[in-house]
Amino acid sequence: MSRMNAMFKKLYKLVLVVSLAIFLFIVFDEIHNLDNNSKRYLSEHYISEGVQETGAINIVTSVLYDYRAFDTLGEATVLLTAAAILSFLVPLGKDKMLGTTFTMIVSQTTKFFIPFLAVLGAYLILFGHLAPGGGFVGGVVMAVIPILLTITYRVEFSEYKFKPAKKKLAEDIGAIGFILLGLVGVVTGSNFLANGQANFGPGNTGELISAGLIPFLNLMIGIKVGAGLAIIFNSLIKEK
Amino acid sequence: MMDIIFNMLMIFLVITAFFMVFTKDISTAVIALPIYGAILVVIFVILQAPGPAIAEAVIAAGLTTVFFVITINKTEY
Amino acid sequence: MITPGFLYITGAILLLLPVNDRIKYIISFLITAGALIVTFYLIPGYSFQLDFLKFTLVPVKVDNASKLTGLIFAVGGLAAVIYSIKLCSRFILSLIFVFIGSALTVVFSGDLFTLYVFWELMTISSSFIIIMASDVTKKTGYYYCLMQVAGGLSVLWGTFLQYSATGNLSLNAIEAGIPFFMLAVAIKLAFVGFHTWLPLAYSKAPFYVTVVLSIYTTKVGVYIMSILLSGINILAYAGLISALFGMVMALRQNHALKLLSYSIIIQVGYMIIGISIGTEKGIAGAIFHLVNHILYKTVLFMAVGVVIYTTGKDTLENLGIMGRKIPVTSIATLVAFLGIAGVPFFNGYMSKSLIKEAVQEPLLTWGLNLMSFGTSLIFLKFIYYAFFKNSNVNLTKKPAISMQLGLGFLTVLMLLIGIHPYLLENLMNTDLGIHYFDKKHMLSGIQPFLWSIPVFLLLKKYVVKNYVRLLYFDMYRKMAKILVTTGYQLSNYHDGKLHKYLLWATSTLIILLVLLMF
Amino acid sequence: MELAYVVVIILLSLGMYTIITKKNLIKIVMGFTILESSLILLLILVSYKPGGAAPILDKPYEIVVDPIPQALALTAIVIGASVTAVMLAVVIKIYKRYGTLNVDELRKLRG
Amino acid sequence: MEAAVWLIILPLLTAFFIGISKLYFKKILAPLVTGSAIIYLYLLILVINHSYPPKVYNVGAWGLMGINLMVDPFSAMFLLMIAILFLPVIIFSVKYIKSHKHKYFIFTYLMTAGIAGMVLTADLFNLYVFLEVSSLSSCALVALKNTNKGIEGTFKYLIMSTLGSFFILLATILTYSLTGTLNMAEISLEFKDIPFQIKSTLMSFFVFGYVIKIGLIPLHAWIPDTYEDSPIPYNVLSSGLVMKSAVYALIKVLYIIFGIDFLDQSGMLHIGVFWGVITFIVAHLLAYQQSNLSRLLAYSSVAQIAYITIGLFVGTEGGLIAGNFHILNHAIMKGTLFLVTAIFYYSLSAVKIEDIKGLGYKFPILSFIFVVASLAIVGLPPFNGFISKWLIVEAAIESGFVYAGFFILVGTFLSLTYYLKVIVTLYTKTEKELLIVKPTLSLRLPTIFLGSLCILFGIVPSIPLSLINKIPKFLLDNGEYIRILLGG
């Protein structure tokens, strides 16, 4: 009887999921038949005017850091929240990851990699308005440095090199910096997070120092994300 | 040509996802996770989305997998 | 404009301040006496309007009937507060003030909103009086509160139906929701089937609380019934049934407080009959009976209270203390007994004859006679225990002066009304054209009483018997049990399995999609 | 292109199925990553226009894909990763406290 | 309208500064949080005062191309709720919270920022982001005590809430692909041409996503779990603000984007009312079974939110006023109840109902407030809950949902059963010697403040109603809202 019950339950779940799929299929089909591409006037505006308005070549970046920069603030806050949650869920303790030591080759390679990673991260962050990448990705690449150190040399070394308090400070400064950069707009008489509209030196498009505040916002997000992810990773590792 | 590759990738994506879900061993499933992410990255590139592709590669495929590995590490020993 | 209810509620707030005993006495006396005076000088026809939300409320509306009711309420308040002031704590006293104040406001209310609010306030304050009064009344208070709130909510629902049907909240011309008003009144009146709270609450609660509760709770129901539901003839038979039930139950009790509680049900039966007749005489009779009943029933409760206070228990055996040891109480009890039995020249007589006069149908007349007879029988039992049965109960302490003061005050009033029944008519500004002391009325009034004496003597061994098993069946407890069991089953479904919760969620999604897409 | 939408639906249903049937906590979290990725794929599909160029306008293009969903996708990826990280941390915590990864044994809270 | 954006930035900045202060100067925590909360209160009052006629703030000065914040009476009512609850809870928590104090305040401020963002934004995706901010920090607060039950509750909360967010995001994406914009006003205009079936599917996704966070039956199961072992001052904000913010977002999405006509056609109004009725009946029955005080209050929250749902889904002017008034009242009443519970927990770690036996005589004023708040939440006069319930029933009857009105009264009776149980326990004398830590003034003052509001709003309901009366104009006729948002 209980087996029958279990079978029935499983079948019921399957039916639920399949009916959800069918509903979604119907809706997607109808949406597909509607031909909505004509309605994208907002994105067409971004594409046709975005480069002049914001000075960034990468329209995705200009959307993220200028048109919809408020979203990015929220998103950064989510990341900060996650980092904060992880750092308090973890009691202070030693790591137990894998418990093996790596050979000389690994550690040497790691040492060798770190400068490259740093340069790559810096590139991704600073050229966020010109090329794919941006603060988030660059920040993650930066965060790989302490992560690599943790994996190869254990947490102690990594935390000796990058003190947890410093990382926390960097994260907070990144977040505060983002808001302060947003407040520059308010100070100069425009609105919060104003950039393109407030004309903060769009510069020549395509150059490094252009697009007003976008590179700086990118930098702040990069610092924040890098520090935040490093905190998250180390916290997970230290969890006994 | 591109279409065929794209469709192949899509099918691979689904297969990887099914493999991830239905494999018994958690470790195997987690190893399938970066593969899944990598396929997604290629799809994104084909769909002209380099920004999300990089982000997916670094964050979803990279970091998330690392998190999963750590979790398994912490829970199975 | 100061209304008596407002005065009482102010007094309640004043009593919440940390004051010492002397100031407590002064405040209580000033407020209660002041309320009595204010009520006395209210002018019939006066009304007061107030804008609240989008309604125009009439918190005060005075007419003849409400003035008389308010007056007796104020008198009862004065007596009860004097009676109980030494016994109860400041907080309880404050709650009692809220209770009396809201009862007075209900009587003078001119719209359904005010009526409901203060009706509910009465319920809350009285429940808290019962809950806080002693350690053994917690469950009783819980039960009482639930019953009363159920009644209050049916007033509310009736109000809503009435409001949506007519668009105003005025008290006259109730069109919709009559069954719900009936239900509410039935609970308040302790109608048979809805009576379970009354004996329970009145017998378990401390006696000084019972005195206060017995003055107002059912009487407010009677007054509201006279406003909202007068003239529904069929209810007269219901009142008769209720009264007969109360009679049977009262005869079986061994405890004085329970006996008095069931006797309330009988007396309320008179008022229901009077109101349901619907004629001027009927309603006036009901209101007069309300006044008289408050007087003698309060005195009886106070007397039993004195017995409890002096001997510690309320079994009928302990009533034997009455006699020379507590003279004031004994005289008051006798007067009240003669009043409740409807003997001419005592106060119950006038209202009973008035109701009898109003009743036309022979069945009801016989029923009224039977009720009078039963009442006499019950109180003969009471009196027998009090004065004729030998007992060896001793005083443990002397009754307080304040208790005797309250008791005496009401007894004097009772005698006054008994000798001069036109007093009430004058207060109500009506002339019903009845000669109370002519031969016909006197005869029909005294007959049931006279009959009851030989019957009591003949059937003494059945009437005075100690019944061990009491009829007790409470369907509300059964209903509550069903609800609790359902809740328990439901609670068992929440067994903490996340998958179950997720499954519910997914099912909901699918149901929602199906409902909305098709 | 239609296949891609079907794939999105399949992934979404697969994710839902994982969440409501699998007993292992890590599998459930994995179900959420699949769900997230299906949505990101959907976003990229919404942004795509046949023959369009990536929204990096170093020179004028005829057709450019829609940049807004790509920006949303970036945000969604980061939020998804953060939520996944928190979930995994809680999973580890649960393992330390309850000694199990079976979701049916998390039953201290009930009633 | 610069102040509007400050409502979001100030809590964020405070949270970040608390993070820094934890590292270097720990002593300034209490002045920092209280000072910030007082400034926040000032800002809130400023914004509420200028909420009529509604004002739009363009973040980044992009006009319709960027993200807009909008302050209308509906959001102003919500801000009023934050204003009433936030400062008392912060003052209360400074003394109450003992472990992870900094983290607690960081998350509380982040949560408030998220809620303020949800309330103010007029952009669909921004709404999702801030929803995520508030629910993630809310999860964190559930886990704060780091006990077994707390962690388990966090996990359940995370799973359920992420599922909800997922469907909200799905619906948002589909909306974008249909309309090409994320601004609510523009979406609403574009939606006029979308076929019925697609709209109703989208609506069911939105409804499902938000209702998980609101917690109507049977999506409620995680709510009591999160309340059971979390810091109690957080529960005040959770039941007062987090759940309500989801209600707010749902109502805004439904009424502004889809419009009242569509809700009526698709039968959503009927579904909402029926759902609410089922929910509160079941929740009341379940609440009676609880022995844990927080859990009981949590189930009661579920039931009260069902009343709110009924009020808001009745779809008339009276219903919207009633629902909004009940949102405000429930926040105050439940806040009072939770704060008193928190003091009981603080004083003698009372968790179960029988633990509070006899406390009525030890804490006369606090118990009195508890009684007042519970009678108010039951819906007895003359407290504020009665007025809003009266309005809800009246609105329900007026628009034909007579059964809903009737069952609300039945529900009132059912809720009395368990609240009276608690009150009776409170006033039952006990033999046990109680070891009591005296609550300080900073714990008692916020509680008394909220409790006195229960009485004040019951006797003079016109104070909040003067603000709430302006709400239906903008929700029932979304044309007005759209016109203002589009800058017309």
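So that you can tell them apart, the chains are marked A, B, C, D and E in the order they are listed, and the count of residues begins at 1 in each.
Note that a contact is a pair of C-beta atoms (placed from the backbone, for glycine too) under 8 Å apart; a residue touches a chain by one contact, two chains touch by 3 or more.
By chain, UniProt protein names: A, B = Multicomponent Na+:H+ antiporter subunit B; C = Multicomponent Na+:H+ antiporter subunit D; D = Multicomponent Na+:H+ antiporter subunit C; E = Proton-translocating NADH-quinone oxidoreductase chain N.
This is a predicted model, so every value here is computed, not measured.
Colleague: Spell out the chains that contact chain B while also contacting chain E.
Modeller: Where chain B and chain E share a partner, that partner set is A, D.
Colleague: Please report the minimal path length, in steps, between chain C and chain E on the chain touch graph.
Modeller: 1
Colleague: If you tally contacting C-beta pairs, which comes out ahead, D-E or A-B? Let me know.
Modeller: D-E
Colleague: Find the most central chain, measuring centrality by the gap between its CA centroid and the centroid of all protein CA atoms shown.
Modeller: Per-chain C-alpha centroids compared to the overall one single out E.
Colleague: So, comparing C-alpha centroids, which chain is the farthest one from chain A?
Modeller: C
Colleague: Would you mind checking which chain's C-alpha centre is most distant from the centre of chain B?
Modeller: Of all chains, C has its centre farthest from that of chain B.
Colleague: Distance-wise, how many Å sit between the C-alpha centres of chain A and chain E, to the nearest whole number?
Modeller: Distance between chain centres, rounded to whole Å: 30 Å.
Colleague: When the C-alpha atoms of chain A and chain D are each averaged to a single point, how far apart are the two points in Å?
Modeller: Chain A and chain D have C-alpha centres separated by 15 Å.
Colleague: Distance-wise, how many Å sit between the C-alpha centres of chain A and chain C, to the nearest whole number?
Modeller: 72
Colleague: Using mean C-alpha positions as chain centres, tell me how far chain C is from chain D in Å, no decimals.
Modeller: So the centre of chain C lies 67 Å away from the centre of chain D.
Colleague: Among the residues of chain D, which ones contact at least 2 other chains?
Modeller: Where chain D meets two or more other chains at a single residue, that happens at 10, 12, 16-17, 19-21, 36, 43, 54-56, 68, 70-72, 74-75, 78-79, 82-83, 85-86, 88, 90-93, 106, 108-109, 111.
Colleague: Scan chain B for residues touching two or more other chains and write them down.
Modeller: Chain B, residues with two or more chain partners: 50-52, 55, 59, 63, 67, 70-71, 74.
Colleague: Could you check chain C for residues that touch two or more other chains and list them?
Modeller: 491, 494, 496, 498, 502-503, 506-507, 509, 513, 517
Colleague: Sort out which chains touch which and give me every pair.
Modeller: A-B, A-C, A-D, A-E, B-D, C-D, C-E, D-E
Colleague: Within the complex, which stretch of chain D touches chain E?
Modeller: Its residues touching chain E are 12, 19, 25, 28, 32, 35-36, 39, 42-43, 46, 68-69, 72, 75-76, 79, 82-83, 86-87, 90-91, 93-94, 97-98, 106, 108-109, 111.
Colleague: Spell out the residues on chain C that touch chain A in their complex, using ranges where they run on.
Modeller: Residue list for chain C touching chain A: 503, 506-507, 509-510, 513, 517.
Colleague: Once bound in the complex, which stretches of chain A touch chain C?
Modeller: 12-13, 16-17, 19-20, 23
Colleague: In the complex formed with chain A, which residues of chain E make contact?
Modeller: Residues of chain E touching chain A: 2, 5, 9, 12-13, 16-17, 19-20, 22-23, 57-62, 65-67, 100, 103, 106-107, 110, 113-114, 117, 121, 125-126, 129-130, 132-133, 136-137, 139-140, 143-144, 146, 174, 177-181, 190, 194-195, 197-198, 201-202.
Colleague: If we count contacts the way the header does, which residues on chain D are in touch with chain B in the complex?
Modeller: These residues of chain D touch chain B: 3-4, 7, 10-11, 14, 17-18, 22, 24, 26-27, 29-31, 33-34, 36-37, 40-41, 43-45, 47-48, 52-56, 65, 70-71, 73-74, 77-78, 80-81, 84-85, 88, 91-92, 95, 101.
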